[in-house]
C-alpha cells in the first residue's frame, strides 16, 4: 500500500521532467539536412496492415526525393535542397503517450517537422499540442472531421480528406449502385459496426446523415454496434447484426479488427446475407487473398491502394513498381497516404525556397507555402482547400470486391469516383450543417 | 486510477465550466480524487494484499470501461486540454514548470509531515502487526482509509498536473491497469523508505524509456521488462537500498 | 453485589463449528486482584482471554465490565474502555525500534483525531516513553530493531505496550512462555511490581506453577472448556481435579 | 426464442474461450499463489505458433486433421518451453518474496515475451483461417453460427471434464489439492512441492496457450492482442474465486453471458458491465464465488 503514495510522486517528477525538457530545447538551424519525425504504428494490431506499409511508403518516397529519383515534376533533389533525415517512431500506446513523445521530438530532438499519425484519436491529441509548440505537422491518414471543425489550426496540415467524404461517398455509392428498381423495406434498412472512438463514431454518423439525404426512404437500425478498438472477438456483435433486419452494414473497421471481423463473419455466411460497406478495409483484401468474399463494397479513402492498382498514371506506376521491388508487396492505402504527406512537404519546401529568393525557408514560410496548396499526387489531386487552407480534399472512389481468377489476385469492379465537390461541404461550412441542409451546391459529375 | 481520475476531473472542468486556472485545476483534481478515494475507501479498507489489489483493479477497470465507451467523455480518444492560466493570464512552459515545482514541494512537505506523524508511523505498524494496532485502540481500517484517501489525493493531483502539462487525457494512457503497473514499477525500482527515492526512480525510468524508445522502437518494452527483472533479482530493495549500501560502505571506510 | 466486580462473565460459551471450546464460564473478578489462569493445552484459556478482549465473539453468554455489558465488542473498543492484553506470541512491530513501538502505543493512547497528524516524536512523549522503558528495564535496548531482540525482551515490550493505556484490567496471555528460565522471574518481578503500583487488575494465563504460586491471589483452572476450580493458589494447587487434569500427575 | 438462443450461443462460445484461458490462470494461482500476468504471453505465443503451423499446413494443402494436431502440439510446446524457463529460472528464485513483487516479475516477463514476438514473428498479422473456413457455418434457430467456434464449447467441456477427473480421481490430483490446501503441511508430508509447482506452471501455461492456439483461426493474430485477454481472464478468475476450478467455469459463464447480452441489448455497457460484476462480487464475497477452503492457522 506504500505504493499508492509513492507512485504519485513518480508522476510529479515525470511532469517535472517534461517541463525541464522545455528549458533545454534550443531551436536548430540546419541547412543541408533536415530532421523529420515520421510516426506510424510499428507495434500492436495496427502495425502490420497499416503502420508498416505506411512507414515503407514514406521511406520509399523520402529516399527517392533525397536521391532525386522521383518522376517529374518532382525530380528536384531534396526538400528545399536539404536531405531529409527521417526518424521513425511508434504510434501505439494511446494519445497521452503520443503527446509526450511529440513533445520529446520537438523539444529534445529538435525536429524540423512531423509527419504521420494514423489514428484519429492521436491526431485529435496531437493537433492542439502542435499548435502550442508551433511545430509544422502534416497528418497523413487520420480522418476525423473534428480536427478542423472544432477549431482552426495554425501549424497542422492534413493531406488526407476527412471521414465525411468517405462516409458520404459510401452512402452515395449504395444509393447509386444498389438502390435501383424495386427493393423491399428490409433491404432499405442499414446498420453499422464501427470502432468506438472518433473515427468510428464520425464515420457512422456521417454515413447515417448521408443516407438520409441520398435515400430518404431508408431507415437506420436502432442498434448499431460500437465495439472497443482492438477488441478482436466479434462473435456476439455478428450475431446481433445478423438478427438485425437491416441489409446494409456500414463498417469503418481498419487494422487487425477488420480482418478478424471478416474472418469471423465470413464463416457465418454473413456476407451472403448482408451488403457490407467498408470504408477502409483494403488491407484485408490482400491478406485474405482469394478467401476474401466477393461483393463487399470497398473504399480506400481516396484514389490510393486497392482501387488504383490498374491506374496507368506514370506516377502511380512508378510508385507501385518501386514499392513492389523494394518490399515485395502491393502498396496499400496507408503507403500512399504517407507518401502523399511527404510529397506535400517537399513541394511546400521547394515553393517556399523559391519564394525566399532560393534561400532556405523558415518554418513560417513553409507553412505559408503549404496553405491552400494544390498539387497532383500519385493519381489524384490534393487541394488544401478547407480549414483555412490546412485540410486537404480529394476525390474518393468505391468499388466492389471481385477476385480476379485470371491474375490470381484480388480485384475490384464497378469502380465509381466521386469528386471532392460532391462529398465535401464548401470551405467554412460545417459538414453536419451542410448535410442537414441537403448538401446545397454539390457537384457530383 | 486516481491519477486518471484527477486528470479527467481537470478535463471535465475545462469542458463544462471552462476552468483553466492552474490552482483551481490542481485543487479540483486533488479534491475529486480524494472524494472518490474516500467513497471507495469504505469498501477497500476491508481488504488486504492481493484482494486489495484485485479490487482496486476492478474499480479502475470499471472506470476504464465507462470512459472508453462514453462518448461525452471522449471515449477512447480522450480529450484535449488547453494551456493553463493563472488569474486569467496564460502560463507559458516556464510558468507551468514553476507551478509544478511549487506543487511538488507542497506535496513533499505534506507527505513528509504525514510520514513523521503518529498516523504515518502507524502504516509501518499496521503492515507489521494489525492485531496489535487494534489492541492499542486504533481502528486499522480507519488508518488504512485515511492513508488511502491521502494517496488518492496525491495521485489525483499528479494526474491533474500531468494533464495540464501534456494537454491531453485519454483512458488508455491514464486509467488502464498497465499504467498503474508502470507506476508500481517505478516504485519498486526506487525502493521504499525515502521521499527522494521515487524521485530518482522516476527520473531513471523516464531516462531508460526514452532511450529504449529511441534505440529500439520495436523492443522498448523488452528493455523495460528486462530492467524490471534485473532490479527484482539484484536489488530487491530498489535503488534506494543501493544508495544506503553505498552510504554504509562509506561510513565503514571512515571508521 | 455486581458493582463490586470489575469483570464478570455469565454462562459464557464458545463453539467452533460444533466443537465446544468454552462452556458455562462464570467468573467474577474484583478490582486489584491478580488472577492466574491455568489449564492444559486446548483447555480454553486463550479462548477465554480472546472473548473478553473482543478477538472472538462468544456464542452465547454475557461479559460485564464495571457493570456494563461488553459482550462481543471490538478489540479497539475493549482497549478504549480499559481492557488491555498481551499475547502468547508477542505481538509487536518487528521492523521498528523498541522506542518507536512504545511511542506509537503511547500516542494512540493519548492522542485522538487530528492530533495524530502531529509529529510522533515530540519531547514530552519521548520523556514519558523513556520512563516506561526504564520501568520495564528495556531502556538500554530502546534503539534496537525489535526483530533482533530476545523473546524475553519482546514479551516485556509487548506487556509495556499493553500497559501504556493505563488499563483497568490487563490480561496477559502466557507472559513467560518462550522465555528462558533465567529471564522468567526477572520479567514477572518487573511486571507485577509495576502493575501493583498502579493497582491494575491482572489476569494472566500461565503454565508455570512456580510463577502462579508466587504472584497470584487466586487461581482459575480450565479443563475442556470448563472451569474446574476457582480458589486461592494454596488451595487450588492441591485440588484433586487440578492435579489430575492440569498438573498431569 | 431466436434472440435468447443466439445470446446463449454467443455467450457460450465466449465463455468457453474464457474458461480455457482462465483455467490455466486459476490453477497457477491456486497452487502457487502467483498471479501470473505473463499468462497472456502463453496465450499469444500459443496463438502465434499455431498460426504459423496452420498457415504452413494450409498453404501446402495437408490433411485438415493435422490442423488440430498442430493446435494442440503448439499449446504443449509453448507450455513446456516457456513454462519451464519461467518457473525454473525466474519464479523459483522468488517464492516467499512479497506477492506484489512476484506479480511485477511476471509483468516484466510479459513485456519481454511480448516484444520477443515482434522480433520472432514480425508485425504482420497472421491469419490461420483454414480450419474455421473448412468447417463453415450452420444455421441455428435462424442465425448462422461458425461451426469452428461452436467446437470451442466442446473443447471447453472436454477440458473441464479432464480437469475434474484429474483433480478428484487421480493420485496426482489429490496431491495437487493437498498442496493447494496447505503448502507447509504438504512439504512436511514429503511431497516434492518444487516439482508440483513446475508441473502446475507448465500445465497452466499449456491451457493459456491452448486458448490462444484454438481461437487463432478465428482472429487476426497480431502483436499486442493478448493484453485484453489477460484482464478479461483476471475478471473471470476473480468472480469465480481465485484458485477454484468450478469457479473458473461459473465465472466464465457469467462473464460470457453478460457480455453477449450487453452486446445485443446495450452495446455501450459491454465493458463496464463485466468489471462492475467483478467489483460487486469482490465487495460481497472477496474470495470469489467458489473460493477454495483455507486452512485455519492459529
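Here the chain labels run A, B, C and D in written order, and each chain numbers its own residues starting at 1.
As a working rule, contacts are C-beta pairs under 8 Å (C-beta built on N, C-alpha and C of every residue); 3 or more make two chains touch, one makes a residue touch a chain.
Note that the structure is predicted; figures quoted are calculated from it, not measured.
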item	value
Per-chain Cα centre nearest the global Cα centre, belonging to chain	B
Dominant chain pairing [most C-beta pairs in contact]	A-B
Inter-chain centre distance, chain A versus chain D - centres from mean C-alpha coordinates, in Å	36
Approximate Å spacing (C-alpha centroids) for the pair chain B, chain C	42
Chain centre separation in whole Å, for chain C relative to chain A (CA means)	75
Interface hub residues of chain B, defined as touching at least two other chains	68-69, 184, 218
Residues of chain D whose C-beta touches two or more other chains	100, 118, 123, 268, 270-271
Chain contact graph, described as a line, ring, star, complete graph or other shape	other
Pairwise chain contacts under the document criterion	A-B, A-D, B-C, B-D
Chain D residues within the chain A interface of the complex	2-3, 6-7, 9-11, 13-14, 17, 100, 118, 122-125, 127, 129, 132-133, 135-137, 143-149, 215, 217-220, 222-225, 228, 259-260, 263-264, 267-268, 270-271
Complex contact set, residues of chain A against chain D	3, 42-45, 47-49, 51-52, 92, 223-228, 230-233, 235-237, 239-240, 242-243, 255-257, 259-260, 263-264, 266-270, 273, 287-288, 291
Of all residues in chain B, those that touch chain A in their complex	2-3, 52, 68-69, 71, 75-78, 80, 82-83, 93-94, 96-97, 100-101, 103-104, 107, 111, 123, 127, 144, 147-148, 150-152, 154-155, 157-159, 161-162, 165-174, 176, 180, 183-184, 186-187, 190, 192, 195, 197-199, 201-203, 205-206, 210, 213, 217-218
Chain B residues within the chain C interface of the complex	113-114, 116-122, 124-125, 128-129, 131-139
Complex contacts: residues of chain C adjacent to chain B	53, 55, 74-76, 78-80, 84-85, 87, 91-96, 100, 103-105, 107-109, 111, 115-121, 161-162, 165
